[in-house]
Every structure is written in C-alpha cells, then in structure tokens.
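Which chain is which? They are A, B, C, D, E and F, in the order written, and residues in each are numbered from 1.
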Amino acid sequence: MHLRVILPVVGETLIESVRQEATGWASPGTTIDTVSLTRGTASIESEYDEALAAPGILERIAEAKADGVDGVFITCFADPGVHAAREVIDVPVVGGFEPSVLTAMSLGEQVGIITVLPNVLSMNRSLARRYGVQDRIGAMRVVDLPVLGLDDHELLMSRLFEQAHDAVSSGVADVLVLGCTGMIGVAQELRERLAAKGLRVPVLDPTGAAINWLESCVRLGLVPSRTTYMEPPAKERIA
Amino acid sequence: MHLRVILPVVGETLIESVRQEATGWASPGTTIDTVSLTRGTASIESEYDEALAAPGILERIAEAKADGVDGVFITCFADPGVHAAREVIDVPVVGGFEPSVLTAMSLGEQVGIITVLPNVLSMNRSLARRYGVQDRIGAMRVVDLPVLGLDDHELLMSRLFEQAHDAVSSGVADVLVLGCTGMIGVAQELRERLAAKGLRVPVLDPTGAAINWLESCVRLGLVPSRTTYMEPPAKERIA
Amino acid sequence: MHLRVILPVVGETLIESVRQEATGWASPGTTIDTVSLTRGTASIESEYDEALAAPGILERIAEAKADGVDGVFITCFADPGVHAAREVIDVPVVGGFEPSVLTAMSLGEQVGIITVLPNVLSMNRSLARRYGVQDRIGAMRVVDLPVLGLDDHELLMSRLFEQAHDAVSSGVADVLVLGCTGMIGVAQELRERLAAKGLRVPVLDPTGAAINWLESCVRLGLVPSRTTYMEPPAKERIA
Amino acid sequence: MHLRVILPVVGETLIESVRQEATGWASPGTTIDTVSLTRGTASIESEYDEALAAPGILERIAEAKADGVDGVFITCFADPGVHAAREVIDVPVVGGFEPSVLTAMSLGEQVGIITVLPNVLSMNRSLARRYGVQDRIGAMRVVDLPVLGLDDHELLMSRLFEQAHDAVSSGVADVLVLGCTGMIGVAQELRERLAAKGLRVPVLDPTGAAINWLESCVRLGLVPSRTTYMEPPAKERIA
Amino acid sequence: MHLRVILPVVGETLIESVRQEATGWASPGTTIDTVSLTRGTASIESEYDEALAAPGILERIAEAKADGVDGVFITCFADPGVHAAREVIDVPVVGGFEPSVLTAMSLGEQVGIITVLPNVLSMNRSLARRYGVQDRIGAMRVVDLPVLGLDDHELLMSRLFEQAHDAVSSGVADVLVLGCTGMIGVAQELRERLAAKGLRVPVLDPTGAAINWLESCVRLGLVPSRTTYMEPPAKERIA
Amino acid sequence: MHLRVILPVVGETLIESVRQEATGWASPGTTIDTVSLTRGTASIESEYDEALAAPGILERIAEAKADGVDGVFITCFADPGVHAAREVIDVPVVGGFEPSVLTAMSLGEQVGIITVLPNVLSMNRSLARRYGVQDRIGAMRVVDLPVLGLDDHELLMSRLFEQAHDAVSSGVADVLVLGCTGMIGVAQELRERLAAKGLRVPVLDPTGAAINWLESCVRLGLVPSRTTYMEPPAKERIA
C-alpha cells in the first residue's frame, strides 16, 4: 500500500521527520512518502492559513492521483482541503480531526481535545458541529504554544499534562485527542503520566489515527462517496 | 457607507451586472463597488472550486482593508473565504448563506433552500450544521442547472417554481431561500407565482439579504469577534 | 418607511425615550412612532408578565395594521406576542431576542446573553431551543437588576462589565447580546471597556438590532410566512 | 384530591362534557371541577388565540389558588398559559402536550401527533423544540377539521384513521398522540381500528394523560421549581 | 390493579423493604408484590452488572406475564432489561430513569441527577441521549457511595444536600432526580433542607415516579408499541 | 496480533465461516479465533435476544482476558455486550455498529443503514442517538429477511440492491452500511451493482470495518477509558 502524506505548509525542513513519524505508525508493507507545499504558509493556526494552503494542497492531490497512491493524509488537525480533495481523487483522504475524534468516540464517553492556541478553538468547535459529533465533545483546551513552538518537549509535556489532568479529573473528558499533528511523540508519555495519577484514559495521536484510518479504508476498498463528493464540473480554473 | 462586493470567480463579464444588482438592494448613501478574482474558477459549484478561490478572495480582502471599506460581501451562497476573511479585516464580512438563512428564520418555521446542482447539497448540509441551524432547515432542493446556465429566465423560473411549489405544498418549507447568488431577479416573481397558487411564503434573494445584513452591521458598529476570529499570528506565507 | 415600536408595558413615561432611542438606530427616511399599552404590566420579567401583556400588544398590532405601518418592533427581549402578531399582520414583526441573537451568530462562535434577573433565564433558554439555536449560546448571565432599576448607569455598567469580562475571558462567550431592551445606551461603552482589557468582542443592543432587522426586511419585501403564521380562523373572540 | 380543569375558551356549553370526560379519567377520590373563561376565544387554533386567552386563564389560576386546588389542567394541547401559571401557583399545572408526549416517549420510539388544522403545526414543532424532545417526534399530521368541527364522530374517526394508518405503516410513528383535547372519546376506538389492521400502537388521549399526570405529581408531592418558575416581582399590573 | 416490582439483584433481604416502599407510593386499590432474582448481581453499578442481571430479569418478566400483572417496575435507575421486557409483555414496563426524568421535565428547565458512584455517570449520559432528552439535563452528580452503602441515612443526606445545593445554587439544576432507586425515604427531606436555604426545587424519588407512571399507563390503557417493541421471532434460546 | 471474534449466538455451525470471513479482512500477522456461546439465542433480532446473550458474551470476554487476546469483536451489528465488556477487559472491544458507522462518516454526508428486519430499526435509532451521531443517519432500511435467512445470496442481493438504490437515488443516503454482520460477502457486489447504475457510493461490511478498527486500536495502543468504563466494584455475582 502506498500512502502519501501532504504536509500542508511551505518549507522542507519537516518533511523527513513527518515521514518517519507517519511510517512509524504504518503497517509492514505500507510505503509512505511525504511532500510539503510550494505555496501556502509556514504553519496552520487559523482559517486564513487554511485558505491560503488550499490550492497548494490540491496541487499535491493532483500529483497523488497521477502517482496512483492508495490514500492521502493531509497532516493538519483542522482537516484543511480534505473535503475539496475528496471531490477529485478516488482514494480515501483524511486530515487529523476526523480519524482521531471518531476513533476516540469508541473508547470513552466525552472526548477532550487539547490543541495549540486559542486561535483554533472556534475552528474546532465548527468542525465538531459540521461532523455532527458536538454532543460527544466534553472539553477543548489549549497548551498555548504555537505549532512551531512544540519542539520543547518538556514544556509541551508539562502543558499537556496540566490541561489533560484538569479536564479528566474534573469529569469533562474521558478520552483525549492531541489537537495538532505537530504534537509528535507525546501521546504515550501523556497517557503514562496520567495513569501514574490514577487517570487511565486513552490518548490519541492524530497522525497515528490517520495512518491507521487510511490503511483500514484501503483494505476495505472504500473511497469517497460520489453523491457527497461529486466531481467538480469542467470549467475554467486559474490557480 | 462603502461596501465592497467580491465576486469570487475569475473573469470580468459579470462584474457590472453584479454591481447593479447589489446596488439595487442598497440604501441611499451606500456606495458599492465590485471586484472579481485574478485567480480562482469560473463559478463555484464544489468545495474544490471554493478552495481554489480562497487565496484570490483573500487578496481582495487585503485590498478592501487597504481601501477602508465598511463591509464586504463575498457573493457566493456557500460562504467561501468568509471565516478566513473575518480573521484579517475589522469590518463585517458575509457570503450568501448566513444572512439569508438567519433572516429567513425570523419569517417562518422551516427554511427551504433551492440551489443549483446536486453537487452542492452536501456542502449546504454541512454549513447548516456548522452554523448550528440544521433543525430549522426543512428542505434542500435543486433546479439542476449550473451557475453559468441560470440566465435562461423562463427555464430557471419554471424549475424554481416546480421545486418551491412541491416543497411548500408538501409541508416541508415555510420560507424559501434562493441558494445561489447567481439566481438574480427571480425572488419576487417566484413569490408572486406561489402566491397565485395560494402559497404565501417569503422568498429570500441572498444578495439582497447580504447587502442589508452588512448595512445593519455597519450601522450597529459591529465587527467580527476577535476571540472567535483571532488575528493570524505572523509567519511566512507564500500565496 | 414607517415603523411602529410597541412598548409592551403600561404607562407613558418611557414612550418618548424609547422613541428617541429607536430613532437613533434608524436610517434616514425611516419614521418611528411609539405606543405603550393600556393594559398589561409595568415591566416584563416573567412569563406571567408576558401573558398579561399579550392582548394589549395585539390591540396595538391591530392599530398598526390599520395605520399601514411597514414593520413592528415589540420592544422586549423575550419576544412577547411576536408570533401571535405575525399571524394577523402582513409586515415583519420582531422582538429583541431573534434579531440580536441571529445577528450575533454571524459575528462570533459562542453567543453570550447578559440579561436582568434570574427570573428570565429559563425563558431565554426556552426561546433558544424554540428557535433551534441553543448550540450557539455559550453563556447566559444576569446583572441582577430589575428592568425598572436599569437607570443607574454606573451600577448597570459595572455589573455588565463584570459579567461580560468573566464570560469572555473564561472562554464561553465570543459575542455579547444585551438581554433586555431596557439596557439603553450601554452597548458601545461596554464594548470599549472590554476592548481596553484586550477583549475585542462585539456587543449587540437589541433595539438597534431590531430596528435594522425590520428595515432590512421591509427593503427586501419580506413578510411572515402564511404557512407558518396562518391567519387565525374567524370565531368569537372576547378580549 | 381536588383538580381544576380550566377550559381556556369563552362560553359554557362545553363545561359539563369536559368535566365528565376529565372525571372519567380520574382515580376514585379525585374531585374535578371545570371552569371556562370570561374573556378569550371560542377555540384555540393559533398563537393569536393563545395570546388572547392568557389573561383569562391567569384569572382562573388565581381563583384556583384561592380555592386551594391540588392541581390544574388547562385543557388545550398547545399548553397555553401553562408556564405563566406555574410562576404563580404552588401546584402542578399542565396542558395537553407535555403529559401526553412525555408519556408517549416511554411507549415507543417515534411519537406521531395528529392534530386539527395546519394552522397549529408550526406551534407544535416549536413546542417540541422548546421542550427539547424534537428528536423523538416522527410525524405531525392533521385531520383538517376545526376544533369546533370535531363532533362529527364518524368523520373525525375516518380522518384520524387515515392519518394514523399512513404514519404508522410508513414507519414514521410508533405511538400516537391526539393533538387536540377536543378529540374526545376516540383514542380507544382508533387503537382498535389500527390493531384490526395489524398495527398495534398505543394512542394517547391528552385529557387522560393530563389528569393522570397531575394525580401523579400530587401524590409525589411535586410542585413547579422556583428556580425555573420564579415568582413574578411585585409591580403594577392592569389586566 | 396488580403491579409487580422486580428487584433486579440477587438475594432476598431487600424484598420486603422495597415492597413497602413501593406500596407507600401506590394508590388505594393497587396491589404490589416484589421479587428479586435467582441469578444476577448483588447490586447494579455498571453495564457489566446490568448485563448479568438481564436474563434473570426476563425470567421474572415471563412470570409476571403468566401471572397477568398489569404493570412492571424494574427497580433500578439505569432501566436494565426494560426495553427487552417491553418486547415480550403486553403491559407497561419501566425502570427508574424514564419516569423520573420525564416527569421532572414538566417541573423545571434543567434536570439535575444525583446518583451513587462515578461508575454510572457515562451510562446515565448515554441513556439521556438514547431517550433524546440530553438538552434538558443540566447536571449529573454523585454522592460517591455504593448502592449497598446508602443505608447510613445521615451520610447520604449530607452528601445529597451538598451536591444538590451546589448544583441548584450554581444555576445548573432546577429540578432534582435521585439517580438510584436505593435512595429511599430521602426525597422529601432533601427538598425541605434545600427549601430551608431558599432553594425551592422539586426532588423526585424514582420509585415514586415509577409506581405512579405505571398506574397512569394502566388507567390509560397503554401498552408498549408493537412497531417499536416487536415480538421477538421464534428461535432456539438457551438461557 | 491476536483477535478474538465472539459470535454471540449459540451453536457452532457458523464458527468456521465467521472465522474465515473475519480472517479475510485481517492484516498479515493477525491471528483470529472465533467462539460462539454456550447460552444465548440462535440469532440476535431483538433487545430480548441481546439481553439473553449478554452473560454468555461476558463469559467469553473473561476467557479472552485470560487468553491475553489483543482485541475483541462481538460480531453483531447491534453492539450487544460491548459496553459491559469494556468495563472488564483492557483491550479494545467493538460490535458492528460503531466501527462501520463511524468509518462511514468519513466517506459521505448521509449514512444509510440497511438491516434485516423491522424488529431492529428502533434499536438502531436508539444506538445512533446513544452514540450522538443521529444527525448523520439519512436512512434506515430493511431487506425484511431474518438473520438465519440471509444465505440465499440472490434474494439478499436483490433486496439489498432495491433498498440501496432507492435510498441513494432519492438523496437520503450517500454511504451505505450493511446493518447485520450476517450479510457476508455482499458489500463489494452491492457497490458494483450500484456503480453500474451510476451510483458510486461506498458500502461498508461491518465485519471488515470491525476487524480493521480493532487492528488500528491495537497498533495505536488504545484501550477503553477507565473513567467511562470503570471497573465494576467487587460484589456477589451469580451468573
């Protein structure tokens, strides 16, 4: 199986680490390659960034289609370009929100999302309603760190733990979702730190959830519905 | 008051008619100018088109900001770029869905939307849930004509009447919203044809609703919330 | 355009100030006159008061119809008599809740309502569900002052600021609605005080929202749906 | 136990039959007396009628309070004056909608309401949302007869059967509620006619449901919550 | 009228006290007998316990059917076996949640449930959504005592009062429901203690609510819908 | 990875075919074994059957725990025993509904479920609400064949196609879920027959969805939340 990870930001510095991270979650036999954008933004922390990234993402979708990949992960929690992409490629496409939140719903009653900045809380609330799962979201919290400031592992862990501990112990979250695909390599540690405090709740890494979601869909032979994601009619398009 | 209408498609042929249409709905003292995009698509009939139009729309938003306009109407029913735009300009910004559907909710119990193609039905359902108003949408119908095929007035009227009559008389719509900003100059006639059949229901033209919504917001001194639409953090952006 | 403001309380002392306030929000060319009730209550702070006011309101609706007005504002946040009125007059009719909350929904994610007394909180929650917008209400707060005790400007401002600051800074309100049409002349000041604390959120005055809503509906040629608001069948009626 | 039935219409011709009907549903030991209004309307088929009836209903509530009754049934499906009444009397008060629909929810998945005229469909939809039970309403139908035209038993039965059979057999109703307290003495017959066609579904008479609801509340010592239904503050009131 | 109370636990020590408690809530003329299970668990505090109790409950349902009882109360708040039972017996069957929460909805806006252990909170949230009443649940609290530890009256009262007072005074509950049928003989005292603090809210005892619910359904001639609760097809069954 | 499939019915005739079917959906390296029940029913077509199967399922869960399996699939669409099982085993447990419907939600707007008999429609509606996904279910249909009558491949296909074609072409389903785990080996054929009619929608086999869901959870290190699925307190239990 050949999956394509689209890192929906400009710049190539993160490509290799994202590829490794995604590959780490994949099954044997799954090949993962990764591309970033030639136009877009350095990170996605607003609907503005999402909008600017969209055409660049769709260029990469066209390439993915030409390359015959089996599935596409647009590695951003806010699912940028995901629905547009599904209209033009006959393979499963996901971002981070859908696979991690839907998976979480099978593990606990109230889903708690811990994301980066207050800037994206409203986007996430909108997504929850868009997907019709708002009644299952118990908490939305932030670590108050920008996407490009997530590499201080101890700081990130300490903020995640603080928010997670508070949400779970106050009874508003039963299963946690890391609300940014840039929160890499912390899910297991967060779960263990919480467990050490007696709070045994699952923690979902959205990259892991997405790669497994795609692998499942591919094995199940599932592609986007063409009554929901109809092919865009032919017309002049100047990107 | 100075409003800017952004026609989120490429090409200049429609600019003047859109300007006249919008101006026709405006109050005395409101100046309306209209721009289209230098990059984007010829019409918007999919999430794919929306995504491609987004950066071009945001360029026009930056110009509108520089020009000091008082409000912006992105003239497409599906509200493309609207939420991104609100993050970067301190004036009210609307598309077609929000002002027309919210206005309709004060006029009747079940809102019926009649749009162009089946392609956009799922987008509209998603928007209704995103805005949290899904329980008030009674019907979504299509005339099955593309945006660029709406100029055959008789054909459009006949399809609109057929769908409207069926939705209202079968008890699933009490107030109608034209689900495409390209359905110009038909709201009143549709209302009259329905009334002639004993179905006295309001019909909302999204352009009219949007222009009036913006004028109201401007008079009320209202601009987007900066806790919902936070300013995007500074970063590298390559559009 | 000729709008009629119905002050749904007995007594004439407030008529002139209400007329001036409403006129202050109106467009040039809009004439506003104001009437109060000959039977009803001194203020509306309960469903009981609403019920007692209803026939008096409907008498004024009959007059408004005879006078050929273009729209009616029943100036109370709880929308008393509004739906009954729509059944018997062919012009737009609003109270305070609908136009202000629906407008607010286009400006921010979570609407916060700050009203007078705990007595009306359940009424407001019921209205939110009735209108199908409950998922967008983030907070309902009170200043704990009766309607007829709102004229101590500093006290009102201080209570409003306290509630508003708490709701916005704790992340449960992004756009504020003043939940009583007697809270006159405070919206802008509240917005400024919040902005001075870094909380840039819109504040809606329900009178302003209502007047603009009516003007918009009149310009758009919109009147209540006759499939929702059917004409009451003829019968004996002893008011 | 002493229950008071308020027939929220003017005229005395129906008082005795309503009293007998209500008494027929009561337990031994329950005394039921019945009053109608001195002002109001001849029947309730609109929000307009409800509004006109409200003060007359509240007069009767004051009498009921003075008389020390144990519970009050305002015998109209649309629950007119019910919430206002709860603010001023310390005994349970119901109309027809709440007790019958809530009871129905324990008997089947989808509640089907069959009411009189199209005029009241939107009121009923609004009530279902107000009470937060809209997801359990599967169908709302009408017999298309006015309240004062329900006495042609065969015509009523035939219309009820037609709507009921259609709703149940098409899979949108599992338990039926008669949506007008004027549909007297038909519940059991309707149930039997449906059962004869193989459709074994319960049929609720709202009068019966209301009388039993009140008796239950009285036995359980339950009265309206004073945090929801707070006592109206003292003030001038001219009814 | 003959009602059967099924105590869905093993052991006979509680039978007589449950019978007396239930009988205390019943009308004159109602006979109540009580049985416990021969297989099941000592108390129900988990979905695991519910699952183990189910076949034992259904054995008792078969007996109840053979005995020709008029209604069945399965005395556990979580409604174990209730829906299964309705499929096989033609009389009304309830547990504790449905009758008490639905009754509470007619008494106040926000229902607050106070139950035993954190273990059952998610079950109760699931039930609220299953029944479609989640928008009316304002609070779920626990006394943090196991079912078999509820007999220390003072401790139970003190924990109930603490939770109830906090929920009502913080504005998230208007009417309280005791969330365990083992909380016997405390509803009235809790109501009085709250009233002494100025919080006049109803408190529902689920046993009382259930017995009255059944009596009402029997008097109304109501049995489970056979389109919702269809008879299980014949097949091999090894219990 | 070692997965255990629990066929929640009595009898051993289906064990081998279920094992083969499940294995066919599994990844290389996954070992699947299958057990049926020693007590329960011959098939599950009612809440009654579910209830009778529960203790037998939980016996098999205890064995699975003792055997150290990595995940458990209880192969019935209605998720019998699933929530109880999660309380007592530290590995992911699913039935058919959750994994297939949640997966479907990432593929199309409106999920259509086609199940066996009308008997289970209300159970499925209840599950959709319990899981909080009811706004995404567009259609529930039946083939009107019992579980044990699904082996006539042509008859099943013809009924499935009829229902699927009608639901998709009438615009109420965009992605289909086979609502019975006994509908084996038909998903792909149904998809192809629909595609041949121009309806390109995904069709989910619940067995395939469940096996992949479990594999994903195992790879992601996810087990049930212990704040939702708390360990049942120790007590006497007589199964």
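Definition applied: a residue touches a chain if its C-beta (ideal position, glycine included) is under 8 Å from a C-beta of that chain, and two chains touch if they have at least 3 such contacts.
Computed from a predicted model, the values in this text were never measured in an experiment.
S.K.: Find out how few touching-chain steps suffice to connect chain E with chain F.
M.R.: Step count on the best path from chain E to chain F: 1.
S.K.: Give the pair among C-D, A-C or E-F whose set of contact pairs overlaps with that of C-E by over half, matching residues by number.
M.R.: The pair repeating the interface of C-E is A-C.
S.K.: Compared with chain A, which chain's mean CA position is the farthest off?
M.R.: So the farthest one, by centre of C-alpha atoms, is D.
S.K.: Tell me which has more C-beta contacts between its two chains, C-D or B-F.
M.R.: C-D
S.K.: What rotation angle superposes the Cα atoms of chain B onto chain D, in degrees to the nearest 5?
M.R.: The superposition gives an angle of 120 degrees.
S.K.: Determine whether chain D and chain F, two copies of the same sequence, contact each other through the same residue numbers or different ones, counting it as same when over half of the numbers at the interface appear on both sides.
M.R.: different
S.K.: Centre to centre, by mean C-alpha position, how many angstrom separate chain A and chain F?
M.R.: Here chain A and chain F have centroids separated by 26 Å.
S.K.: Taking each chain's centre as the mean of its CA atoms, how far is chain A from chain B in angstrom?
M.R.: 30
S.K.: Two or more other chains in contact with one residue: find those residues in chain C.
M.R.: 108-110, 118, 122, 126, 129, 131-132, 134-135, 171, 174, 227-229
S.K.: According to the definition already given, which pairs of chains are in contact?
M.R.: A-B, A-C, A-E, A-F, B-C, B-D, B-F, C-D, C-E, D-E, D-F, E-F
S.K.: Quick one: in the complex, what on chain D touches chain B?
M.R.: 118, 121-122, 125-126, 129, 134
S.K.: Using the touch definition up top, name the residues of chain B that touch chain C in the complex.
M.R.: Residue positions touching the partner: 25, 27-29, 92, 94, 98-99, 102-103, 105-110, 131-136, 168, 171, 174-175, 187-188, 191, 199-202, 204-205, 208-209, 212-213, 215-217, 219-229.
S.K.: Contact residues on chain D for chain F in the complex?
M.R.: 108-110, 135, 171, 174
S.K.: Which residues, counting only chain F, touch chain E once they are in their complex?
M.R.: Touch residues, chain F against chain E: 10-11, 38-43, 45-52, 54-55, 57-58, 81, 83-84, 86-88, 117-119, 122-123, 126, 129-132, 146, 148, 227-230, 232-233, 235-239.
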